[in-house]
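The following pair of complexes shares a single chain, chain A, combined with chain B in the former and chain C in the latter.
What follows is the complex of A and B.
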């Protein structure tokens, strides 16, 4: 008995949907807000450039953080592998990447990547070369390594500073916007008070004031805490005005009639509706925050013991004419970070605009 | 028709809600007395701005504050005064025992969550169920309110539904906790006529199935005639007439009710101009004194209606009217002035105004 294999049945050509239609159906299926936003960003070339820059920098910061923590762990465990200069006591680390070809002197491999704190005074102030692509600084530290490992602190400061700022601003702004009245009045006066003071100078003042305070996280912890304490005003105002229009929506009343509490309505129902402006604030704000911290470090109010772009920039700013690579590379990376986040933020702002239809 | 007092589900006595705005105090509800019996449909009818929706919000205690405030009165539900309950106790009643559906289904659903999430949330707010059980229950209740292929539609966002389907979702949310009282605030106004009929049919069917009472707020007398057992007519913060639907439609006692009914086109009646009610609803910041209807009333008894507020009179069992035509003061006025005021016979002085 002959069985009919269903797959071999001839399919009429006209019933087959072409690739393009199939793909369209596929995209329509998941046409949630975020897939629409993603599609719009993908169309925007500059936005995608920003997205890739940001992605690259985040990956760099994450990888360097992992490597450095692994190295620190090894060091604290007492494992010291392959210290290239065993006699040099100044180096208490073993992180480096060496290149060795068969036939080369096994005692002197080419070192591609040094630990950021490893000082090789014999090789100080070297211009960019094959062995040191970004050159070395006045202490004989590998600039490539400094820049690579500096990403962690620089980006983390931007993220943490901006996230805490936005969280404080969002919580206060939503409560003020939802309840209005006296709560809102108090919040507005506080914001006006914060805005009436020059932020940067206030930051410098606070840093100088707390210079001798020792808290876990070092000097930058103080900087971040005060940055978020004085910087939440803008976010709060935007979230507040957003809440003013959203709380009049019928679904808020409907939710109340279902017996939801105020806090539930604020944070579970209205807040997700004002997520779009918050995302834009975060993305654009990270650029500004990184810039602010780099500027603080540039003026000497950073943490000289930290490995960060701003501090390196501050340290070598006087060498700009003689040894331009020393301040240039950290500055270049600050520039790219700010550029990347700004491009992505602009693109996001356009993509999240509901008045635009694609 | 008067049902025994133990059949009373909700009783409102002397409710007064004002809005304290910057322009002045809006006296939206002056004094409302209302009774809802078990498993009946009560129609609340009146012009726009007569305080129907504010009454509904006052029952649930969700009048936007500021600027709104319930000043006095009691809302007795199952023998307890809802106004005396704490906020958290009140939240347990909202959505659970008293649910509400709103006029505009296009804006009453949260646009960023799927309808399944929203119905599940309504269930989980009041019942101790897992997320999965709540979801299953949502699907069940969605198919109950007539949403086709509910198990797929449960994951859709509100913008993927039509207006009628969204109103069905709203009804599903309201029904999700088997409420005893459903307040429907113009549930069909923003829908087109065929969908209106479907939604009303659905409300009627579910009210019978769930054995719940409905307060149906509308300004459409046709909807009232179709749906309700009893009707209460509101004007500018007062209930001016309430009673059995048959009695009200057959022989309205209050001039305002008469005016409303006269404004319905009737295909069966011989061609006749529809009557109108002169003027518009007054500004409630500065409402007319005493009987708030007197400036628009054809039967205005000068010197009486604007100075003395008529009492609520029970004309016959279950049929209450607030009008001077039937009060002792009114009868004294008629005798004194030698002018008769009888409903249906517009006095000569009012003609041509």
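What follows is the complex of A and C.
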């Protein structure tokens, strides 16, 4: 007769917790919601990679913006004529990006980059070398400088476009979700209409129609405005469904019993509770937005006068086989940006909502 | 309600949506700055104001902006006219594509070009669906294995790669390997297409690009859906019963995973359509996408209006088919 040896049974532990859950509990100990999220992201290697890529790109965009504005300021103030060669009384065009501070020798400032708009025709179509790490394009512009200073416009467009889209979507989605009824019905029908059009095609249609509009900010301002006017549907739907489930909760009921106004309930109570999906939408959406703007520029619907990756890509796309470095570097940076935001967004989603994790 | 009733109701539902879309496009054209008549006549050679005015009025009457006695036609009359023409499949004449001195009828252009777009899209859709299923199943059933990890990373890289750039890279690669860029030229489109060998040769690269574009999107989806289902109780039960692993995956898990996959694929169709526009443009494939982009670059308003009616229509039909597929996949669905 077979008897079970009692020593072998796990009598010691009442709850069998696997290692993963134990680690999760360890992570949670004594921390607020956001530090838990941060700790979870830190454990995710791919997420951290995305985080560093995004951080690097943002720093690059910011530094290039500062440098360019500082250089412009120096030139307009008359401190610098932009030409580093002493004794050369040439053009007053800004040929280089210099760093100069009061006290330094004005004849010999530190030259950081060739100015992104400076066309040095003598040095056109050079392959990557020590002097030009990314090569030069057919106009003799330094590709490194084009890519470095193009980060500002490319990233800023992505950020601004996505932020406006999400803000419009959140406001409309909150109103529809909170009040329901006819407002909700109208909103749903509008979203249905907007979503029946392929977004990329609708964007091109609109840009062509409105390219003559003169508003400050140039052509890209028109692009961003219409991008947010047609893109808010997805955010609105998610915020709306979040509001539907949250507004029936007890804490909202309690707040209403205390006499809070609708606006207070929406903005102080329900919205902060549905912040997680909004943050995920923003991060993943920036990737899509940057991709969309790059695609628009690639097919010739950008602003050819702007310094941005998409426009450089458009200009040199047909040179790919002969001079691969010209379109390759802007494309590579678009790819890294999209990759970084996708990685960070995926990791954020897993951290904010562990239920969704594989 | 019967199945037929459901299908009829969903089909009729397309009509108001299409009306809304055409109204939106029409309004956008109307509120946009710039005079379409001036765009149309362009740099006309005229020495006197009178000559210019005559040309302007003639063009405006032809475009339907002015009535015969030079009164402005109200916008709703023009809209009714537009919808009426639409019902007769008459999209007017193109401004950019010309034939024998006057614009080609747009319905003729579309009729000629649609076959290219449809061939390209259906082929790559089928390929990417099959490949995505295979990759998704391999990844999900061997979670965290070497294959799963490398496939996931590859999918992530592909997902972050802009589709138009992927197409360009394919072109570069093919050029280095076979000295063949895949940019379509005239003899690829000699009729009859079915027996034209070079048509298939030039079809390869666009199909490959579009397949990869759809594949990276769908494979992620299939994987995550299957993973979720493989954790369900009934799958555990099936395994515990001692069923064959293959039977568990394909008969129990995969069939139930189909529904959400079909939903998202149905919703992502406009994205696929936009992808086809990009790929067609890169390879010079003369489908509807190229027609649309060229029309847009040359401000061909009637052509853009036509493509902007056809693309949503194709999308709505595809979504209708998705909805009908649901009913066959999932008997629980009430219609």
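Going forward, the second predicted complex is superposed on the first by the 292 of 358 C-alpha atoms of A that agree within 3 Å, B and C clash if a C-alpha of one lies under 4 Å from a C-alpha of the other, contacts with A are read in each partner's own complex, and residues count from 1 in each chain.
As a convention for this text, a residue touches a chain if its C-beta (ideal position, glycine included) is under 8 Å from a C-beta of that chain, and two chains touch if they have at least 3 such contacts.
These numbers were taken from a predicted model, which means no experiment stands behind them.
Once both complexes are superposed on chain A, the partners chain B and chain C fit side by side without clashing. Contacts of A:338 after superposition: chain C is touched, whereas chain B is not reached. In the superposed model, A:196 makes contact with chain C only, not with chain B.
Between chain B and chain C, C contacts the larger number of chain A residues. Of the two partner chains, chain C is the only one that A:213 touches; chain B does not reach it.
Within the superposed three-chain model, A:294 lies in touch with chain C and out of touch with chain B [touch as defined at top]. Of the two partner chains placed around the shared chain by superposition, neither chain B nor chain C is touched by A:72.
With both structures placed on the common chain, the touch criterion links A:245 to neither chain B nor chain C. By the touch criterion defined above, A:324 lies against chain C but remains apart from chain B after alignment on the C-alpha atoms of chain A.
In the superposition on chain A, A:129 makes contact with neither chain B nor chain C. No C-alpha atom of chain B lies closer than 19 Å to any C-alpha atom of chain C in the overlay. With the contact threshold set out at the top, not one residue of chain A is in contact with chain B in one structure and with chain C in the other. Chain A makes touch with chain B in their complex at residues 32-33, 180-181, 249-251, 253-261, 269, 272-273, 275.
Considering their complex, residues 46, 189, 192-193, 195-202, 204-206, 208-210, 212-213, 287, 291, 294-295, 298-301, 313, 317, 320-321, 324, 327, 331, 334-335, 338-339, 342-343, 358 of chain A touch chain C. Across the interface of their complex, chain A is touched by residues 17, 20-21, 24-25, 28-29, 32-34, 143, 156-157, 159-165, 168, 171-172, 175, 181, 224, 227, 270-271, 273-274, 277-278, 281, 292-293, 296-297, 299, 304, 307-308, 311-312, 315-316 of chain C. If you check the complex, the residues on chain B that touch chain A are 57, 60, 62, 64, 66, 88, 91-96, 99-100, 102-104, 107-113, 121-122, 125-126, 157, 170, 173, 183.
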